[in-house]
Amino acid sequence: MAQFDHLAEKVLRGFASRTSRRSMFSVLGGFLAGAAALPLLPVERAGAAEPNSSTDPNSGQTAPQGSGNPQDPGDPTKCDYWRYCAIDGSLCACYGGSANSCPPGTEMSPITWIGTCRNPADRRNYIISYNDCCGGVAWGRCPCQNNQGDRPVVRPQNNNEVTWCFGTKSQSYTCSTAIILGVAIDQK
Amino acid sequence: MAQFDHLAEKVLRGFASRTSRRSMFSVLGGFLAGAAALPLLPVERAGAAEPNSSTDPNSGQTAPQGSGNPQDPGDPTKCDYWRYCAIDGSLCACYGGSANSCPPGTEMSPITWIGTCRNPADRRNYIISYNDCCGGVAWGRCPCQNNQGDRPVVRPQNNNEVTWCFGTKSQSYTCSTAIILGVAIDQK
Amino acid sequence: MTASVPCAAPKRNCARFTTIVVAAFAAAAHVGTAEAAADFPNPLPAETIPKVETLPAKYPTTWSFLNYAGDRIELRNVGGDSREVKGQLPAHDSATFLVPDKRPEIYVADTVWSRGSRGTRTDFITVYDTHTLNPVGEIVLPGAKRALITAMEGLIAFTDDQRMALVFNFTPASSVTVVDLTKRQVLGEVEIPGCSLVYPSGARGFSTLCASGTMLTVRLDANGAVTGRTESKAFNPLDTDPLFTASTLVGGVRYFPSLHGRIQPIDMRGDEVKVLPDWPLVTAADQAGEWRPSGWQVVAGDEQKLLYVLMQPQAHEGTHKDPAAEVWVYNTPTKTRIKRLRLVRAGSSISLTHGAEPLLLVQAGERLDVYEPGGSLVRSLDLPGFHTRMQIEPVR
Amino acid sequence: MTASVPCAAPKRNCARFTTIVVAAFAAAAHVGTAEAAADFPNPLPAETIPKVETLPAKYPTTWSFLNYAGDRIELRNVGGDSREVKGQLPAHDSATFLVPDKRPEIYVADTVWSRGSRGTRTDFITVYDTHTLNPVGEIVLPGAKRALITAMEGLIAFTDDQRMALVFNFTPASSVTVVDLTKRQVLGEVEIPGCSLVYPSGARGFSTLCASGTMLTVRLDANGAVTGRTESKAFNPLDTDPLFTASTLVGGVRYFPSLHGRIQPIDMRGDEVKVLPDWPLVTAADQAGEWRPSGWQVVAGDEQKLLYVLMQPQAHEGTHKDPAAEVWVYNTPTKTRIKRLRLVRAGSSISLTHGAEPLLLVQAGERLDVYEPGGSLVRSLDLPGFHTRMQIEPVR
């Protein structure tokens, strides 16, 4: 994380120091608009297509989900999914959301903290944004606590204990997502 | 319960029909004042005196409580305590209250429903008032569901699904008690 | 520091925005010198923020609402894909709900206090949009009267072709609050002293079960005012064999089982209810086993002619809410049992989905077991932490 | 039907009062023809209604508060009698609390929304009476700014001899709301950009940990206005070996462990903090085992000279909040470890009771294990359903 944080500081100095929070929001807005144009992973579509008839009818378990993309392996309803290396909370994929989307009726906070997780398939380190979903029902299903890169709240942007519900109608926590922002800088 | 309910109806006709609800409250008040003068069971005092050093230190269990009175046998923190034959809810004895008292910071509802339970020690049938405690923290510890004498809500005074928090500052349910009102009529 | 104060030195809270700034930076430029696996030449693309799932405005009949009563209302797919939880609706103390098929809305009647478990009480109906599950309206119910009783049938009901909602109040005086759901306003209150719960009856009105063993039927005008009251003869022997308050519709007739095993049909389609002859669920042959209806939502119907009842052997005083070992299926025209389904797990609440091939849903402890009508278990959904009672309402 | 309307016919809601009326009747007359056992000639007497338990205004030091963070705050007897739960206080989202020894009051800083998880947000401090646990006052915190962070040390603190409370805000801008607890009113707000959490320091003021690795100290006047700010040199290497934000007082000095195993003492008694030399918790001999502090409330002190730290072997990046296998005890004057306690269950939070013979409390999953200082388990209390983090605060 160290180098990355340095980058952060640098970007920050060269950027934030000339910018008010409001205009940063608008920058963020711009980025989002841009990102929205990018192709999306078919995570939950693919999941929805999978029948779970193959599983033991008496198991009580949800059939495994998956992106259907070999480059994005694992089950987003399980705590060991690669993107969750620094998540702390309940997994939205268990509440009607997915690894990168909020359940219906909740609101995704635009302000959050990020970590860096290694994708076991392409062996790249990705910058993951842990956006919380807010304003819905929180009831502790699929709790998941991984702290890779988590740091004490003295550096909030690297802390997963904060309820990241800012700029949302309600600041009440519902669940957490893990969204790919891009590839991280080589940590060698 | 049948005969008892008939009595109820009779008492009711001969009494309630000439009485407004407000004055019934005052009658209740009068009764309470009277009852307060009666000697009380040393239920929780006795409990407080018992050390639980005898129990396995690693058990995680609360040492058995008890009234210390052989005529009132059993553990009020357990669902099989004789007074709980028709209780539905969380046992106040697990929350800082006792079989017949509310936990600190809660309020006991004066209006409630009653059942009849048989005391295995003196083999008498007692009229038990299931007063709910209201306005505190409810979190489902020591849940207990016994339905002896419970009847559908069409006869609310014999129904244990109703939140009996009436005449209290808050109608939010916390836990339930089982209070001796007197000896029931012989059910033979 | 307010939102509009400029953010100057690094030590100021700009630090919090590192994430966003870097995000924009990294995602835009795709900075990535990590050794890329030969078989994945391109990194995974950046994903959209924010992204919130939506649902079809009209849900498939393989979904069902599960009311956890006092906790939440869940929308689950019981028909088989791997993403069983579709969404949740907040639901607090004794919350009940209505799902119309006329409008893309869901109505949840709920109660909160201004400080959690104390403070000012507010009863309210929240109007949710079926497509987004976002709250789109609210109707505050006056008087803090809404009955706080374990969520079950009869606490809230539609009438007037789903234009009106009827909310049962218990203070412990009984009344019904009449709500216009299209105008989203309260129309008025109808006192029903000595009677409990509301069941839709006639074109515009409701019936309620009275402590005297009768059924009181109330007719309403378009403004929710009472235009008539009729009381049936006494048919509900509360002292000897009271009816469960759970019922189901079969062929337009409402069927109430009794604690000791009768079934009481009542035709509520007309302006006056017709109390039809009751008949036994338990034949002489079954008497020995002491079989009785048992559970919470104890009865279900396929709306054509079949009646499903949770049944428990060795029943006696106080067992009427115990989980039941079997579901007995009756043909209502012939009044005969046509099937006995032994459950994998003893069940407390049952319901049937409304699809062409209905599924039998059985809440059994911390499981929701899904059976095909033949009686074989299709799948079992977990209900983690569930320890109270469940109201099952499959999508229509 | 309102409370004052007379109650005439049996079918009216008088039925609800059957219970009370019969109660009075039966209890007064002691109607009882049930065959009485010869050995119990008299029936059990009627009991008082209503009856609510109270607590001593001053609690014994064998009791402890347990903050379930977002759920409730429990008051438990960890010292041995059979009624371990003494009471609960409502606590919602990220609630924190303060227990003074100067006044018979408890202060809980909490947050609610007007419709449960949505609606208008209100942050407030509830003042509870220690004797009754009844709410006796409320202080609303303006701006909906209170930090919603898993309950832990540093979110709220006393200063000015417990007259003032300091509430940490995070929006994500950082500030501190200053509250007068005796007048029960908010005095003002102090911005602490780039810094986090509040620790009491000096006679009237606080210190806070900054993202630049320094500690900022703020002095206040009697009205809560800032009279001075001093910033220490940087001593908290956030990139390489940051300090936990959990700390403990030993001999008036506050000790912060670091993620990699240093201990950083800071003397906060004066108007300016003294950053004392740090020293290693892990000797060269322990290096091989990769022992590091690990858990949530990772450190405790006996206030005289002993320091207790939760320690976990094979520690590496990301394990710093994992439950720890041992508690290591240090003599702070000699800066040496004097004891290793192997825990019965791996623990996440520890604290010491404040009695003459302190007990070591260890939250380990769904248990609160109680050890005597020698390290043997005295008892284990169950924490049913506990699945997050716990803040343990023994009674002083």
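Letters A, B, C and D mark the chains in the order given here, with residues in each chain numbered from 1 onward.
In this text, a contact is a pair of C-beta atoms (placed from the backbone, for glycine too) under 8 Å apart; a residue touches a chain by one contact, two chains touch by 3 or more.
Since the structure is predicted, the reported quantities are computational estimates derived from the model, not experimental observations.
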{"item": "Most distant chain from chain D by Cα centroid", "value": "C"}
{"item": "Selected interface, A-D versus A-C, where C-beta contact pairs are more numerous", "value": "A-C"}
{"item": "Centroid distance [mean C-alpha coordinates] between chain D and chain C, Å", "value": "38"}
{"item": "Between chain D and chain B, distance of the C-alpha-averaged centres to the nearest whole Å", "value": "32"}
{"item": "Multi-partner residues of chain C (each touching 2 or more other chains)", "value": "9-10, 13, 15-16, 90, 116-118, 135, 171-172, 195, 210-211, 385"}
{"item": "Multi-chain contact residues (two or more partners), chain A", "value": "5, 111, 136-137, 140, 155-156"}
{"item": "Touching residues on chain D, where the partner in the complex is chain A", "value": "93-94, 111, 113, 116-119, 121, 144, 147-150, 152, 154, 170-172, 195-197, 209-211, 236, 238-240, 242-245, 259, 317-321, 387-388"}
{"item": "Of chain A, residues touching chain D in the complex", "value": "1-2, 5-6, 85-86, 111, 135-138, 140, 143, 145-156, 161-163, 165-166, 169-174"}
{"item": "Interfacial residue positions of chain D with respect to chain C in the complex", "value": "1-2, 9-13, 15-16, 90, 92, 110, 112, 114-118, 122, 124, 126, 135, 138, 171-175, 191, 193-194, 210-212, 385"}
{"item": "List of chain D residues in touch with chain B within their complex", "value": "3-10, 13-37, 39-40, 43-55, 71-72, 75, 80-91, 128, 132-135, 344, 366-367, 377-382, 384-385"}
{"item": "Interface residues, chain B side, partner chain D - complex", "value": "4-5, 7-9, 11-13, 15-17, 19-22, 24, 27-28, 30-32, 34-36, 38-41, 44, 47-53, 55, 57-65, 69, 71-72, 94-98, 100-114, 119, 121-127, 129, 131, 133, 136-137, 139-141, 155-157, 179-186"}
